[in-house]
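You will see chain A twice below: alongside chain B first, and alongside chain C after that.
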Partner chain A sequence: MSLAIEVKNLNFSYDSEEGVQTIKNVSFSIEKGQYVSLIGHNGSGKSTLAKLLAYLLEPASGEIYVDGIRVNEKNIREIRQTIGVVFQNPDNQFIGSTVEGDIAFGLENRAVPREKMIELVKKYSRLVGMDKFLNKSPDELSGGQKQRVAIAGILALGLKIIIFDEATSMLDPEGVEDIKKLIFEMKKEDPELTFVSITHDIEEAYLSDKVIILNSGEKYMEGVPEDVFADEDKIKSIGLDIPFVLQVKNALKKKGIETPKNIRTIEELSNYLCGK
Partner chain B sequence: MSNVFGKLTPYNTIIHRLDPRLKFFALIALMVMCFLPYGNYTNRFIVLGVLALIIIVIMAIAKIRISSIFSSLKSLWFMMIFLLIIFLFVQQGVDTSSLHPMIVFPNGYTIYWEGLFQTLHVFLRLVLMICLTLILTSTTAPMDITYALDWYLYPLKLVKFPTQIITMIISLALRFIPTLLDESQKIMKAQKSRGVDYNRGFLAKKIKSVTTLIVPLLVSCFSRSVELSLAMDARGYDPYGKRTSYKVLRFKLRDAISLLIVLLIMALFITACAYSSFYPGADNILNLLFGIGAF
Partner chain C sequence: MWQIKTNHLTYVYDKKDPNHYDALSDVSLEIKKGDLVCIVGKTGSGKSTLVQTFNNLISPTSGYCQVENFYITSDKKLKKELLKNQDKSVIEENKHVARLRRKVGLVFQFPEYQLFAETIIKDVMFGPKNFGLKEEEAKEVAKKSLIEVGIPESYFEKSPFELSGGEKRRVAIAGIIASDPDILVLDEPTAGLDPNGKIEIMNLIKRFHEKGRTIIIVTHDMNLVLNFAKTVIVLNDGKLIEVTSPEKLFQSPDIEKYSLEIPTLFKFINLLKNDGFAGNLSEIYDFDTLIKRIYEAKYE
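Right, the complex of A and B next:
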């Protein structure tokens, strides 16, 4: 499979004179169709990395390729047609004055014909559960509802790569599940859809295809969740925790009960144990 | 404070459904009608009274509560008292023989009725303008107003002026008014909990305490604008690029009829203006209609 995102020796700092480097020599690659979790502490450079990928910031050095396109000033239009970011604060990314206007904003920028736009706005507002609020203005919505709108606004664009920068932080657990389900449905429809989730949720990271851990601007670990979280000491040494399911599995192991590697959720684990 | 600009009311009256371009035109037209010269004070008050009546009817149709005006007027009291003092004590014009004295002081200094009328006149005009703006903003979504503005700016497009950027700036400004008001409330609460008193003290102290609100508000404004521009970039906004429009304005029959009504009202007021300015002899409308003399 070809690569969706390829990052080579990426460096970046917000203020070049102070010498604090936000991103230090980071390299990684993400295959098409993968669900990748990017985890790390506050200030580890996760959000900066997301902005660099979408060329919202310019790298100091290093190369980024998105769907085979070099990320630079020249290719900015193609990049924006390929990759989209949903940010954390829903207030500051609500551009339209109503829900429908905001979902349509990105489509307007792409000069999508009006009939198509109406269709897409209807479809995606329904998918995120905001179809009853189409005429509402942002100050009538809750933070979670605004986040749903922001998510719909990016999903409606039909991009190949979507980055969620803690985009579900304001949703209740049920809402987070809804959005996750929606993503998986969309991935089923389009197996090439690549999804990068910047998150603090270790459980979510455990369910993804790949985990990248950043620590103070450097890539700390990278790999499939089983391998990454297997090294418990290394994870805990930077203050992160390992997923609950894995903790249970490790505890069971100590008691001499082996569980299969592919079990990742509580339900699966309890089913396995009860079935046994 | 949030009512100064008015907030879109959640009704769907005929006024709400009218084309924003028409509403915008009507707003400007009626505002101009407020400011035409109608001669003496009797005429002015009659004309403004008629205008007020029209505005009240529109407000009733649009289901705007009269009480919503009062909160907008709160901030005007100070200005009104100031104007009253100025108009009462500063004599109007050199020729005072045509004025009507209210109080004559022993030293010959006179306060004229006209001073009071002038203040009332200015006040009435302001109230009417606020009402008109309130009607527009409470029946029209901010985005619709900017669509209307965009339409009116069309001639500038012919000379390659980037009108779409102007309208985007305005629509974003309108979009963020409630957000920033909300933010300022939050900051005020946070500062109050740290011991800042916004309500008591003299002017100097009040100004000082307001800086504790302004500075954090400005800082948050800037960080918001940075994030907003990133979000716009991420969704592919190109100010000079070709865009399509989700919302399309349609001029319907009801808009045509309303336009006719607005034009009729305009004609009425312009006639009144022309009559009071140019008709020889009869200098007030009451005189013309009922033969009553007045100020």
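Right, the complex of A and C next:
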């Protein structure tokens, strides 16, 4: 499988004079079609990394490849046909004066024909549950509703790589589930769609294809969830938690009850403990 | 003794809109002084609307909200009726919304997005100055509040934008407690924070509560409800469903009807029950008891 994103020795600092480096020599790769969770405590550099990947910030040094193309200031427009980010604060990304206008904004910029644009706005506003609010202005919407609009705006563009930077943090659990299902549906339709989720949801991370952990701007761990979360002490030493299912498995192990390695969900663990 | 009461409170955002609906509908409840209350419900259930009536940021379309002696309603006839035969002091108090807002501090969702001043101390001083304190007095109050939320003095002259997410949120909360509110209302105080950040903020809120303040939290975080709330108010589609305790709520079969996420511990216990686990699963409220019961079922 070829790579969707490759990062080599990336460095960045917001204020080079103060010498505080936000991203320190970070390297990793993401294959096409993977669902990757990027986790780390607040201030670990996750959002900065998302901005660097979309070239909203310019690296101090290092290389970023998106879909095989090395990103630089000359090909930003081309790169942004491939990669898009939905950020946490929806107020900073609401551009249109109405929901409809906001979802259409990116499409207009790409000169999508009017008929097609109307169709896409309708489709994605419906998929995120905002089709009844098309004429509403942002000040009439809740934080969660604005996040849904921002998500629709990015999904409508048909990008190959989507990054959600805590993009569902203002949604209720049902809303978060709806959006996750939508992403999985889209991935089913297009197996090459790559999805990067910047999240504090450890349970979500445990079910990803790959987990990357940042700590103080450095890559702390990278790998499949089973390997990454296996080292409970290492995870907890940087203020992160391990998934509930692993907490139960580890606590039972300490009491001498072994459970099979391949159990990843509480449903599977319950089945096992009930002898099913 | 109640400190906040709502009586048949109904709120409609835009009555002129042909598609208007009741964001809150006929809500009557009481919140006790010194309680730690979590208000839960899915998006659009009316949680944030309800707490905004507590400091008169919005006024009920009909019915009223009462915070101690202050009556909040946009129904002028009703307000006149409520103030009839009241003491002069109560009538006078009802003329000063600013005093109510000092009493009820409201911390919005993602309050760090509202930080604006060039230094942390100036940001926190903004509220007290608005409430009429002089520069020096406001500075003293701001310092005290920042120390209360755990921001060291060496940070005071820094830009708030240099701080981490959890620190920014603590500065934003300091800005509200600088006005020394009796009632602290927080809308999703732990959203977007890492586990340590969540614990920091919740310990901070617990400290305020231990000082006798009434705490009202709007949240989707059911683990927070389980570990901190004394009382839970459940809203659904603008209606009050129930006022209950966390333990009762999470064992109620209705919980999924209101799209509330059950804490993982209870989800797992329910799964074990449904799968026919051969052991005692009653009255488990914490992780250690769960592990103990599984062990007992296997070996005892």
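A few remarks follow.
Basically, the second predicted complex is superposed on the first by the 263 of 276 C-alpha atoms of A that agree within 3 Å, B and C clash if a C-alpha of one lies under 4 Å from a C-alpha of the other, contacts with A are read in each partner's own complex, and residues count from 1 in each chain.
Keep in mind that, in the parts below, a residue touches a chain if its C-beta (ideal position, glycine included) is under 8 Å from a C-beta of that chain, and two chains touch if they have at least 3 such contacts.
Small disclaimer: the values here were computed from a predicted structure and weren't measured.
In the three-chain model built by superposing on chain A, chain B clashes with chain C. In the superposed pair of complexes, A:G84 makes contact with chain B only, with no contact to chain C. Once the two complexes are laid over each other on the shared chain, residue contacts for A:L38 go to neither chain B nor chain C.
Shared-chain residue A:P138: touches chain B; no touch with chain C.
Of the two partner chains placed around the shared chain by superposition, neither chain B nor chain C is touched by A:V211.
In the superposed model, A:E203 lies in contact with chain C only, and not with chain B. By the touch criterion defined above, A:S97 lies against chain B but remains apart from chain C after alignment on the C-alpha atoms of chain A.
Using the contact criterion defined above for the overlaid structures, shared-chain residue A:P113 touches chain B, although it does not reach chain C.
In the superposition on chain A, A:I183 makes contact with neither chain B nor chain C.
Shared contact residues on chain A (touching chain B in one structure, chain C in the other): 89, 91.
The residues of chain A lying in touch with chain C in their complex are 40-43, 88-89, 91, 132, 140, 142-145, 166, 169-175, 200, 203, 239-241, 244, 247-248, 251-252, 255, 257, 266-267, 269-271, 273-274, 276. On the side of chain B, the complex with chain A involves touching residues 8, 141-143, 171-172, 174-175, 178-179, 182, 224, 227-228, 230-238, 241-248.
On chain A, the positions that touch chain B within their shared complex are 51, 54, 56, 77, 80-81, 84-85, 87, 89, 91-98, 100-101, 104-114, 117-118, 121, 137-139, 150, 153-154, 157.
Listing the residues of chain C that touch chain A in their complex gives 13-14, 19, 42-44, 48, 109-110, 113, 164-166, 188, 191-197, 220, 259-261, 264-265, 267-268, 271-272, 274-278, 287, 290-291, 294-295, 298.
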